[in-house]
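Please read the structure below before turning to the comments.
Labels A, B, C and D are assigned to the chains in the order they are written; within every chain, residues are numbered from 1.
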Amino acid sequence: MTKSSDLPGLKSSLSRRTVLRGIAATAGVLAMPAILPSRAFAATPGSNPGKYKIDLGGYTGPELTNAPITLKIMRQEFPPEVNAVMQAQYDAFSAAYPNITIQEERVPYGDLPTKVQVYVTSGSAPDIMMGRNDFASAYAAGQLTLPLQQFLSADFIEDVYAPLRESATIDGNLVCLPWETNPVYMAFNRDIYDKLKITPPPEVGEFDGGWTVEQYMQNFDDVTKALRASGDTQTFALAASGYGNGGPGSNYTQLESIWVRMMGDPKAAKDSSVYNTFMGVSEDGFTASGYVNTPEAAAGLANYQTVFKSGYTPTGVVPDQFRGGAAAVTFSGTGTVKRFLKTGQPFNFGMSPAPKGTIAYTTTVADSPTIYSGTPYPAETAALLAFICNDANRFAFHDAWGSMPVRKTLVDALPEYASDQRLVLGTNVADNAFGPPKSVGWFDYFSAINPAVKDIALGTDPQTRLNDVATQIDGLLAKYK
Amino acid sequence: MASVQMRKVIKNFAGAEVLKGVDFDIVDGEFLSLVGPSGCGKSTLLRMIAGLEDITGGEIHIAGQVVNGLAAKDRDIAMVFQNYALYPHMTVRENLSFALEMRGEFKAHIEKQVAHAAGILGLEQLLDRYPRQLSGGQQQRVAMGRAIVRNPQVFLFDEPLSNLDAKLRVQMRTEIKDLHERLKTTTIYVTHDQIEAMTMADRIVVMRLGVVEQIGTPLELYDHPANSFVGTFIGSPSMNLLRGRLVGGDKGLVFEHGGGQSMPLGAALSGVVPGTGVDLGIRPEHLTLGDTGFAAKVVVVEPTGAETQVVADIDGQRVTAIVKDRVSIVRGDLIHLAPDTARVHCFDAGTGHRLP
Amino acid sequence: MASDTLSIADKIIAKPAPLTQIRRGTVFGAMGLLLVAVFFAFPIVWSALSSLKSTDDIVKFRYPLTWWTFFPPFPTLENYYALFFQLNFQRALLNTVIASAGQVIIAVVTSTLAGYAFARLRFPLRNALFGLLLVTAFIPLEVILVPLYEVVKGMGLVSTYPALFLPFACSPFGIYLMRQAFQSIPVELDDAARVDGASTLKIFWRIALPNVKPALATLVLIQFIWSWNAYLWPLVIIQDPSMQIAQVAIAGYKSVPNFPLDGPLFAGVTVVTIPLVAIAIILQRYYVRGLMSSGIR
Amino acid sequence: MKFPSWTGNPTRRGELVIGPLMILPAALGLCIFQFWPLGVAILNSFRAFNPFNHRPNGWVGFGNYQAVLADPSFQSSFWVSLIYMVLMIVIIIPSALGLAILLDKRMPGTALARGAILGALASSEAVAALIWNAIYQPNSGLLDVIFQTFGLPSQPFLTDGHLAVVCIVIMTAWKDIGLPMLIFLGALQAIPPHLFEAASMDGANRWNKFWRITLPLLRPSLVLGLFMTTIAAARLFTPIQILTAGGPNGQTSNIAYFSYAQAFLFNSPGPAAASVVMMLLMLVAITIIQARALRSRSGI
């Protein structure tokens, strides 16, 4: 089995092996993914370049089988209207390929990893499973998913926002397919600012046009003092995190790492502390010491701690605090904008870039379907996935759900993303955000650092706690070597 | 109805011998009582007859058949338990019907039998009540009804009256005796209360420490106890035992009490070797208050109305005497107690066996 | 009948106390009970009241804390409408009912059989076996999740109803509870029944079982609650959404990021709790004095 | 004879066969669904695993045990487990007994209170933890708001390690107390009233009656309640996960949570299995100690 020492060798043989297993009989050419021909005949990269019976999106693989088969999909639960959109897509696919039955399994979002783990351990998993781009390294190293570039046109892949595409690509293999994203930046409640007569964050479209972290801290301080002076003890300057389970330390990947990695700089000299702070993990992905516990990282989390210590934000979970009008600012994204626009805004709101540290920084994490490496029907599964991700289906999904499509051509086709500053900023964030640190043990990494971040939020000394957690993460990553 | 025989019945519990070879016969239709102090093995023996305990050794016969290997339900016996063991979730009627139902009898027959048994015991009004709604006496009667209704070969009673108050106990005693007279079913009745045994049984088996001490009719046991244990166990108040020695005299044997006083016994005890250490057994009613006999000091005087019990001290040994007449003696008085020498019992001081 | 004896018993106990003392005691007792009720019922009542608010109202009135945080300012049944007409919650509920019924029935059968054997029958290795079976009570599901999944998969039961209830239907708790209940029945009842000619199974069915009703009620209630509230196992073993149980469905409403279904969530929580409370109340009558008190003196 | 002497009992001979047969369904179910997976888990505790797909890829002997024992967070979890157990037993058993005695009487409000307690028992652990989370939250939580109303300082309910342990226990007690209470209530109802009458006649006051009659007669139920509470405390998991996720600084993490984290957060099935095997051993030991202690005290 996979011993970490011979990982590189296995990685290089990965695509060849799977391809041989999957489609060797059909097309010998496909065995060389590097020279995979891009059959981009269509107008957009996501609309049937291969000219199949129906619009199979960017799919360019072999024609689908005529044998009766069943494909299984596991994804997170959505509201009923979104589920209906998905069901309509399956119905359309099955109508075109009546021999292919689609079985869908829906799981509460937070339980996806558990379920994936049980499936993978037991050796049989659904053909398509919802994954995340920040696990790409683990997917690749564990050979859990099928490289997708062999089935998809290069244009189609190229269309995905660069940070997401890069984070999903390991050694040239696209191991998962980001399909919708929710870039993180700031939403603010203009009504609160107007009432307190304090200047809200700047409403700019540029990724790096926002306030520095110091400016934000000053602003939080002003807002908090003004609120308390007016006798309001329930409203806060910054909303409690709604990511993950909510509250501090609930989602390092999407939220708290912003405070840390903005203090780093990818352009600084390698081996410099600033560079390491940005990287978050050593280049081989096995060492956290010297990366998560740099002085810069500690300074970043000291800022974060101040937010709690000074009472700018609640120390616990407060569901829907921003939406309920009880916070001036929140980390949020296009999802909030779309939702407010769709259902009517409860108050006047604006959007602004995330706080800047040494660099303008935000992270990008996307739900990304994967194809299980053990699937007996690689081509058909890829075709189905590509179908779900074709232009029409993505628009329908976006219409029902509202988070941002990950492909540029789709976003460009939606007029509001060109006209509304609040969404324009979103596209710029998607274009310029950074992916999570690449480590095969990223899951362990953030599972370990989340509680540390929470402890820091609650008052533990940042440097000490970071040193501890760095050691812990080193230990956790050791098993992957 | 049937006879029951014990043939060298042995019972071991975890290596300890509880019954050490019990041997006796119960005649068809007889009311036999098993008495003895607690721990004598009488209940165990009853449960072995019932089939609730296995038989370590020996044989038990019911109606001529060896039942060692038979399950309780195949022995055609009925048992009344000390705490009645009425099924709490069943009405009286259901309690009475249960055994017949288990036997698979027809409904009509069951109803008839139940009505019959209820009639015998006066339970007609209570048939639809639950046990918890009955008084103790009524529960006791239901427990008997449950036995009667099956018309078994043998009735087994395991201290059935011990949970009743004194008055009710006397009343139920009569009822059970009366029932037996009417039904004439072979009955084995275990009790620790010798009065129950005396008043009810045709014959009594006295047991101690897993051994049968004596078998006989109540009066046989009373008049001729085989040993000092039976002598003191049967009868109330208990027989007095005076420890002493028999010496020969010109007018026959003389009892020499350990305290020094002596008492000629006349010719009553021919055949006993002089010089033997004995316990002289004298029933309280055979001691007469008078001017002769053992000198004793009164300890307690207990009038019961019809008679008076006097507890006195003969040179350090307590004795009880029953006096028919009203007396005016008080504690500390010096009295003389004369035994009816024709009715004294003599037991070997070492073995306790009756002499001669 | 039972309540008859209860009141009699109470009178007997209460008689010696003077009247004023009883009143004062009752008042204090009732106040204590009210406090207890409020303390234990509060979270459930809260979610029931919240279920009568629209999701927007829930969000809007959550802060600052006022009466409207708890009481619905604009009561609406829209959440229940959404639950049953859009989210098809009744299907999830039906699945839960099937799973719970299966688990309760099997648990009652296996626990009473084994409990009786352990309490009353004699056979070699009885106590050793009992201790061994009890060990399983200590095993947390999280630990055996994957091996258990593989067992059930090996039996071909993945995503079936039996997979929902079979693995937990044999309950060491149930065996322990029933063993203890059977042990508390006087042994003489067994003896009497044996003499009356009942076989072992007849004694079990006709004599022992009717006399452990309070324990049976506890067993039914607890097994029902456990299976009704099971989450991790159904989540793992059920793949077909139309067979998924209510708790997982509710978690689905909760988990949708940035798109809270708080209203339907609270409605679902309320709907799911109602049958449990109903069953608990129905079974209450078995916790009434007098069932066992006088069968034996 | 081949078998012990009791096989000679003609009435009970059948039990030799019927007894095992009656146990068979339960034993079979437990073997298939509990012992088999447990056996796998025990084997796993001696294995190394591929961290990606969690499939075993070799044997490490006691390596996992050594690793776990050397892990300070396991050591801390071990003590925290014991603290949970002690706290839960100390809080749940007496209050369940008190509630059962309170509800045993017929008073206005009994049915209401009983319904409420059963309602709490009936609420799912996850939902209960979410609701209590809202109660414990700093600043906006119900308790804090009540404190503020009375001018008291805000309390770090879930953010101070010691307080958080207590908060978790209280929430769990709130939810779980119904079960031992039901068991005690059932046992109380089965005590014949004439015992209390007799005791009253003997001049016993309430305290005497409780101490001398109620408690001894409740002993089997108390043992059961203790057994269940011990197990519940050892398996305490969901409230920890939802209320504190083991923090702060791991001060609320017990072995169950530690093991979960090893298996599901840190991709280490081997150490996870090893820690659970140790937890099982600890539990069996504690249960045996409890059983011994209770037995010797009652003199049976």
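Of note:
Operating definition for what follows: a contact is a pair of C-beta atoms (placed from the backbone, for glycine too) under 8 Å apart; a residue touches a chain by one contact, two chains touch by 3 or more.
Here the structure is a predicted model, which means the values were calculated and not measured.
Centroid distances from chain C, each centroid being the mean of CA atoms, peak for B. Interface comparison, B-D versus B-C: the pair with the greater number of contacting C-beta pairs is B-C. Centre-to-centre, using mean CA coordinates, chain B is 54 Å away from chain C.
Chain geometry summary: the mean Cα position of chain A and that of chain C are 41 Å apart.
Work out the mean CA point of chain A and of chain B, and you get 92 Å between them. Within chain D, residues 6, 9, 11-12, 14, 54, 140, 264, 269 each touch two or more of the remaining chains. For chain B, residues touching at least two other chains, in rising order: 51-52, 71-73.
Multi-chain contact residues of chain A (touching two or more other chains) are listed as 114, 117, 121, 233-234, 318. Pairwise, the chains that make contact are A-C, A-D, B-C, B-D, C-D.
Residue ranges on chain A touching chain C, taken from their complex, read 72, 74, 76-80, 103-111, 114-115, 117-118, 121-122, 124, 126, 182, 232-235, 242-243, 318-321, 323-326, 335-336, 339, 346, 401, 403.
Those residues of chain D that touch chain A in the shared complex are 50-55, 57, 133, 136-141, 148, 156, 158-159, 242, 245-250, 261, 264-269.
Across the complex, chain C is touched by residues 3-4, 6, 9, 11-12, 14-16, 18-20, 22-23, 25-30, 32-38, 40-41, 44, 54, 99, 102-128, 130-132, 135, 140, 142, 145, 174, 179, 182-183, 185-186, 189-194, 196-197, 200, 220-221, 224, 227-228, 231, 234-235, 237, 256, 259-260, 263-264, 269, 272-273, 276, 279-280, 283-284, 287 of chain D. In the complex of the two chains, the chain B residues touching chain D come out as 12, 51-56, 67-73.
Every residue of chain B that touches chain C in the complex is listed here, in rising order: 47, 50-52, 71-73, 77-79, 81-89, 98-99, 102-103, 130-134, 136, 139, 146, 150, 156, 163.
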